[in-house]
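Each chain gets a letter, A, B, C and D, in the order it is written, and its residues are counted from 1.
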């Protein structure tokens, strides 16, 4: 089933999925525009049992093979006696590189460029030493609330996880829709489960620590574009890795979604509990919320997305 | 109307609002237990127009009189040409002390102690150099989703803001309920607006930079306890400051809610846009979401609470 | 005595003091090359009493008007009982922006550019998101040890300090030499005292917190160049501020020394105790040491320079 | 030759090398008091050729097996065009845990405790959330300048390095003195080379990344005490590891020097180039300088010690 594109073909593919100009030449929110007020009302109507599932890993504070730059978490005051403030309160401090591979985070649209341009044609020089002057993470400050849909590939395949480096094609996304009795459509938050953290939990970090990742083949871009998704998330990085492409096209799904389509990405979401919940309930659509930190000029936000059933 | 308590009376008052043991001796979630699945379903049913309002200030990256320890935000890679990775993507880094007075954040229950004890009687020594081993912020990892109610004191008084140091008493909370045609009850998220940021926006940071804060008088503790709120938030720090009390009782609302009642607090929420929205819509109850970062052992999380109408 | 230059004249002046190529086209050490082994031997011969004086302010950990981005200093483990590691040791963490105006630091040659070039003609693009690939602070990793000479302008003038904005001209440097009975020559470390911290100590931080600084007028560049100094330090930033020039020529002494002459700079050295010592001893030359941290690609190092008498 | 002590015997040994009270009950500088002005004059007299050797590793900015918490080094402004400030200057930021095993650093006397006490009997509670109120690193703010002596054990043994876990006994220190034709005495800075970084350079980081370290056996404490050294440094951590002892006596050399004798320690000095220099010159004594950052309340300072020949 493997499809190979030349780099030129990939470039052509990228152009074909462009949303530049769709929401006006000044737009910085991209496909978040698909989530209208009506979509949010409809998402709220999905709530039946009131149960919630977090899709976030704990912030990774310990170094590990998939986490070379851990979050630094230090206490400013602890609970031990002997100092005046410590006797009635505690406080802490943390420092984070949100794009880390063990951190659940939302990529801003500015995170990737293609031929010197961001989403909607903004110049990459808009991102300077002060941060991103266009398409920063705070364009989502009002929160991303809509219908979430889980696509659980291992469930469809009848296995525990997809191996690192294994690609997912559009046909398989459609097979998943049939299996889950759900159809991805305009304004949906699509969550793609590969079972990467199930693999980590079962075999340890060494099993996932290489450069290979399970994920979408570049040929899925057209499919994602046609479905008009608002947001894409995965328990890996959405792209299958390695691709056969060189930088800067090394991650065609990243480039195609962030730059061309204006679709924000969630990397490293923990979808294992969600998968169990969906299977148990027999439904794969739910109210989804992600409320990014309001970091003006930021290129990402650590996030705790939550599904409400 | 001013009520003065002796320190002994305050201590007695604190004991009288204790929820220790109410949800079992091992409980670390406190009044979040009031938000049942049914409450979340009911909150979702409030959604009518699908409009959202963020209750978060931007993370404060510049030093200011109310922000002596700003968030450090640095770029790891920018958008300028001339380096291999910079040519297709950017990334950043930030470091934060979440309890800062210009940062919208959720206090963990461990943030305050009283007589060496945390909520539910855990010993304050549970908070050591590694962080909080009990009542850390990650007890709320599944998100706080429920009914939010705005109490807009300046609206009730017919003024623009409450002056720093001005206290709010239970009678005024009830007057606000009548004015807003809403009643605070079990499992509600109560958001108390003092207009502090309206004052800052109108007169500049100097107007709010002292040690005085508008907020609740200690006599409100019983009222909050009887109403069985799940969460309390404010555009200040909930406590009126200064109180007449000494450390460690300097902030009786903090101590009474966090330690005794197990009620988490939101400090420095930006409630100005929410107030306009509620007044315009003529309704003061809405679906509320706050999804804290999953920082195990953390004493707080920066947060972007969102109201959905 | 005020001399005014047009911007064109300043540019011409800069060209006239260039050391580019003097030590080969690949050289990154600049005027540190003036400090030969013989100079170090001679410096050691100056030692008579064995007394030492630190020229460093404490690292500034508290916010202040001259220190908007303080050093962050946090404890990882303290000395309180109740946790295993804390019972036998403590540790900490700090984060620093070395170029801060309340931090004694050594500027790397890469710190300033002029017309897109660093010292010796290297392109400014050599400094990218990874740091400085040319002329970083680690070129001084073997330490800067040589003869130090204090030029104490307030002593010469018979006052306590030079006012912010007050310029020093070459004539006054020569008057100081006569007063101090010392002559600045090839390979010397010249330390220029303006009394800025004496002013801070006497009148408080507000007295020095504006944008004005006492320091050298641009006309001193030729003098510095002819004397072949190896390093220039000051209790301010060497440049008098404001100059009449616009960015990027706003700091002609910085540009002239760092970029054209290849002279490293020490900013914000504390020279008050040194001044007392020199006056008491009746000698203004001593063995000088500055041992920068080996931060590869770094643009500066916090430093504790020490004079040995 | 292996000597084993019971834990009780080690405790007794520690008491026998105490310098508590030797320099007064308020002293916080410990054995640095051995370095008198006369000692510094004598050290300066050792200078013959004027050549310098740095004893510092580069600050470790990349994660590695011996460096799980690397120094964070980020650029605030780089040299790329397109932003106003970047066009004439660059700046950076770094964050560091000075006690890291790949960081050359000076331990403050407060770094270790024994039975709840620091050097000179200060209580360990003097180290609280604000840092060390006694025996912090800034007691050495005037610099440590004196006679340095290299003890090069691999040179004496005729091998390239000492294996991790291999202990050095007093007899071998004396054999080294005879070999090097030098005698360690009062006020000397003793630098102990094990060849640990030669091993790292030859066989890679895996060869040194375990918990074993080459170093001094506890039985050396009496020898160090009798010789009245002022400072001890090593290319490992001075202690042989593992010892047969449990925490808090797991590192008897650390406890004996820092706590009992008041001898500061340099960990992870890079002594390879120094060893070559000493062998080539045929002399093992030189002028030594270490100028710690003035971090008030700090428990350590990253350092760049330098030998001057």
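The working rule: contacts are C-beta pairs under 8 Å (C-beta built on N, C-alpha and C of every residue); 3 or more make two chains touch, one makes a residue touch a chain.
What you are looking at is a predicted structure, and each value in this text was computed from that prediction instead of being measured.
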Chains touching both chain A and chain B: C, D
Superposition of chain A upon chain C: rotation angle, C-alpha, nearest 5 degrees: 180
Of B-D and C-D, pair with higher C-beta contact tally: C-D
Self-contact between copies chain A and chain D, residue sets same or different by half: same
Euclidean distance of C-alpha centroids - chain B vs chain D, Å: 47
Chain centre separation (chain C, chain D; CA means) in Å: 28
Junction residues of chain C - those touching two or more other chains: 72, 75-76, 78, 80-82, 85, 93, 95, 125, 128-130
Contact graph of the chains (line, ring, star, complete, other): complete
Interfacial residue positions of chain B with respect to chain C in the complex: 63, 68-70, 72, 75-78, 82-83, 85-86, 95, 125, 128-130
Partner chain D, residues of chain B touching it in the complex: 72, 74-76, 78, 80-82, 93, 95
Interfacial residue positions of chain A with respect to chain B in the complex: 36-41, 44-45, 47-54, 56-59, 61, 71-73, 75-76, 78-81, 84-85, 87-99, 104, 110-114, 116, 118, 123-132, 138, 141-143, 145, 247-248, 250, 254-255, 287, 289-300, 302-306, 308
